[in-house]
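Right after this note come the structures.
Each of the two complexes below includes chain A, the first together with chain B, the second together with chain C.
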Partner chain A sequence: MLKSSRREAMGLALATPSFLFLLIFFIVPTLLLFVCSFWLAQSFRLIPAFTFDNYTRALSAGGFYALTWNALKNGLCTAVLTVGLSFPAAYFIVYRTRGNLLFYLILVSWFSSYLVRIYAWRVILGSNGLINTTLMQLGLISEPLEVLLFSPFATILTLTHIMLPFGLLLLVSALRDVKTDYIEAARDLGASQIEVLTKVILPMCYKGVVGAFMFTFVISAGDFVTPQLLGGRDGMTTGILIANQFRTAGNWPFGAAMAFLMLAAFLIVYLAFVRLLDLLRLAPGRRFHD
Partner chain B sequence: MLRFYVWLYVAFLYAPIAVITLFSFHSSPSLTFPFEGVSLRWYEKIFSDTTFMTSLQNSLIVGASTALVTTVLGSLTALGLARLKGRIQTFFGLLAFGPVALPGLFLGIALVMLFSQMGLQRSLLTVTIAHVLFTLPFFIEAVRSRIEYFDLSLEEAARDLGATPMQAFRLVTLPIIGPTIGGAAILSFALSFDEFIITVFVSGNDTTLPLTIWSMMRRAVSPDINAASVISLGLSIGVILIGGLLVWYQRRTALNARARDTQA
Partner chain C sequence: MSLPNIVELYGVTKAFGALTVLHDIDLSIQQGEILTLLGPSGCGKTTLMRLIAGFEPTTHGRVIIEGVDVSNLSPDQRPVNMVFQRYALFPHLDVFDNVAFGLRLKKWPKDRIREAVQHMLHLVQLGEYGSRWIHELSGGQAQRVALARALVNAPKVLLLDEPLAALDLKIRHHMLAELKRIHRETGTTFIYVTHDQDEATILSDRIVLMNRGRIEQIGTPEEMYAHPRSLFCARFLGETNILSGAVSACDSDLTHVAVGRGTVKVPANGSAVSVGQNVSLAIRPEALQVRRRQGLGETTENALDGVVEDVVFMGSRVVYSIRTPVETLKFQETRSVDGSMLAPGEEVRASWRPDAAVLLTQ
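Take a look at the complex of A and B:
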């Protein structure tokens, strides 16, 4: 008894430095940003106040909805593609390979710098880029395809490329918890391959799939660099708008209010996604009640 | 079928990197085929560029400081979490994961707001603070699963046999969790080295490597960006590979030693 309470006290003492760090540089700034979203800005100076003006201003501008929709669309498409494309690869790594070489090969590409990958896609997709010049040399097209670059397509393609390795990591660690015994048992009891997937594997790695989807969604919907560099005029997102408030235009409280509205939109997507999985009976706890 | 798909997946991941690497050695400024010849001119150009070299140095400094601070904070936290139970552990686990559950943009603007209210000038220090915040969750997550397997009673046995807390840590705990901590420290360095989204808000006059590549990209498409990109890629991938090999090697020697001991 004495030993265990001494152990806990020691645990608390060890965790205290990080707790203080997170308190000062994570909790306080988040609260400060929230408080500031009710302030006003006048010629680059912050004026403490309590007003909903920033929120009403954002919500009454038609453009805000369009840009938020663009951000959500980038996030949803990227998340669907990332999870959809990575799941078969994760399945292969967990159940069909022995060593970890392939897994590590994929993970290493996660460290091929974010900006460099955006730049690489610009080189490949541009009107003088690799795809267009090759297609023109082959005589398949006479004019460069302008839609390749500076379009939501370019943004989503690049974001998917960036998110794939991390999505795979989360899915692999989720699938490792689904032991082959369960799968073999289901097969022995007469389940088809599809049934094994939808009734055994997916419900058992539910948390990992939701985690991979949401993580990819939040990062890519909130990303402002990729749409700014590759998205073109139609690819403008709330993220770019918020970043601009803090970098050039300078209305911080307005930017803060938009950031919290963006988070609220993310939360709605999360709840909708969980509800959807529930309705599709892929969530755990549902499958026993059929 | 599935095997073919997975190789296609890997090819898709590496193709853009391969293209950039290939053209960084191109003797002409053109970024299209046919390939005209091999040269190192873009590397010569970038290595004599003082802005690039300074930012590379800054990135190395920030990366090393971030790795150091994150390792100290993260290891203490992971060791602490292993001793905690129930609600406190859950709460702290969630809190420590928080910074990566939010978009980088959000962290960037929240921190810039804090620094301006604190009157803290933006510099490499503020960049390092931001990077520690960003890498800490990854560090804790990477180390935690290993520490959860670690049997605390080993440490207590050492204490009962008369070891001081420091001795118990140095002689018992560290040899077991050391390789994992080393690997996670390298992970923190690599994450910091590539971080851009938060850095863009919290950096002052001293720029880091991704910021320099960003401003090169915004100016014009000049082929020396290829060389700069390849250097940046090579460094972060190289560090990760070295880290991975070190962890693997240490685990293997530890396993061999254990096998030898049990045989004897």
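Take a look at the complex of A and C:
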């Protein structure tokens, strides 16, 4: 009794700092922003109110849908690419290599700053960049491909590059829990290599896959720096629009309303993704008998 | 009656890089027997089992199951199933779905799967546990599910890799009896890997004793215990007293060995020894006769005089350590009805019949 209550007290003491941090710097600001989304702004001043105007204004503007679609598309493409590219790499690192050298080499790309990497891609993809000059010198194209830079393609490529180590980190640690015993047991019971993947490995590292997917999706779909610097005119996203409301237009309530609409969109994507995995029978904790 | 061989190994060699862990193993496993691969850790017993299961390719040699060369087949294509040391039950599936795993891959119809799984769960006495999650099971229950998951596929051979190692002693003895029962009821051939000589003796029809990647001796538990062919075998199976000496004479049927200041006569058993050769003698603790020395005449043949050093009372039996000028002997007897025991410090004589000792040249 005494021991368990002491353990509880200990747990509480360990959890309190992070809980307080999140409360003060995340939950309270989010609630304030949520309240703010029902207010009005007039010439840079906030007017307390309770109105859905901001939401209806966003939802009735055609541009909002287009930009939100761009944002979701960036997020989905980046998440699919990141998970799709880092899963085989993680598999290789966990099951085919003894040391972690490869893992660390990939993580090294984290050591350079986010902005530096965005500008590096500008150099590579630009009109006088590495790709265009090489292709032109090879005589494959006569003038630079403008579509490489300042396009959703550039945004997704760069975001994938930035997100890959995150995805890898999450998937490596998830795969480490799927000991080779489980794989051998499945093989022994008659599973082909593909069946081992779909019936054992993926369900067992479900949390890692969902985590890696949602993590990269949310950060990429909400990002406004990369699309602004690399996305061009077609690459505008809701993130840029929201940032503008706060930074230049001074319309916090409208920005807040759009931010919560984005949040809702993210939740829908999350639920859809989880449902998809469930339909594909990749989720754990399912019974297949009655 | 000679039963057909279900598994045959010919010249199986396994090397990991420069390290050879199995040297040229030939072995036949009979239909329906429980064969134990016994040996200390690192002797190659687990590797040998993994070669039969198909988890590792052989470096040389062939693995034949029911007359078919499976050496180049992957584990999913071999008619064997395995029970893993840490069970490896799938945590994302419940008990029923774990057991049904193999049958679903074989695309059995639903009702046949249900029937087979229920039958198997009843066999391992977990009939009501189908909907339990794996983390809700005790060690012994997990062990039974692992057995059911393998046996439901009706394997030609069931491979068991130290299946009781993770269980505590009491459950282990119970599970040994259970394994024997399940073996009787299914008639499946069992290949059982263990480093525990007690498990091997209790369970096996035959024991394959392995050491450093080679087979040391094959035989029934009784044969192995009574007639170890090497020092390693004598030491590994049961307690034993080892005396060393040099051959002093060879009769037609008895070999004379000089041990200390006395002579030990031991059946020659066809082992070719020459006078002067150094040999070992193995004598089981229960094969000794120990009497108080008082009033006994001098003798130097098949006897050693000594002093009781230590007495360990173990309920139905008593184990003594007797210090002699040559070696400290272990002596074991069943507790006498009147409860009389030798006491530490008593002067005693340990003697034995010639055929109680085994002559070992290696």
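Convention: the second predicted complex is superposed on the first by the 267 of 290 C-alpha atoms of A that agree within 3 Å, B and C clash if a C-alpha of one lies under 4 Å from a C-alpha of the other, contacts with A are read in each partner's own complex, and residues count from 1 in each chain.
We take it that contacts are C-beta pairs under 8 Å (C-beta built on N, C-alpha and C of every residue); 3 or more make two chains touch, one makes a residue touch a chain.
Because the structure is a prediction, the values reported are computed rather than measured.
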item	value
First, second, both or neither for A:A61, with chain B first and chain C second	neither
Partner chain(s) touched by A:T134 [first = chain B, second = chain C, both, neither]	first
Contacts of A:A264 with chain B and chain C, given as first, second, both or neither	neither
Partner touching more residues of chain A, whether chain B or chain C	B
Contacts of A:L276 with chain B and chain C, given as first, second, both or neither	neither
Common interface positions of chain A, toward chain B and toward chain C	none
Chain A residues touching chain B - in the complex, by the definition given at the top	3, 7-8, 10-19, 21-22, 25-30, 32-33, 36, 85-86, 88-89, 91-93, 96, 102, 104-106, 108-109, 111-124, 126, 128-130, 133-134, 137, 161, 164-165, 215, 218-219, 221-225, 229, 239, 242-243, 246-247, 252, 255-256, 259, 262-263
Partner chain C, residues of chain A touching it in the complex	179, 181-182, 184-192, 195, 199-200, 203-204, 206, 284-289
Touching residues (chain side chain B, partner chain A) in the complex	2-3, 5-6, 9-10, 12-14, 16-17, 19-20, 23, 31-33, 72-74, 76-77, 79-85, 88, 92, 95-96, 98-99, 101-114, 117, 129-130, 132-133, 136, 140, 152, 156, 190, 194, 196-197, 200-201, 210, 213-214, 217, 221, 225-226, 229, 232-233, 236-237, 240-241, 244
Sites on chain C touched by chain A in the complex	53-55, 74-76, 80-82, 84, 86, 88-94, 96-97, 100-102, 104-106, 113-114, 117, 130-131, 133, 149-150, 153
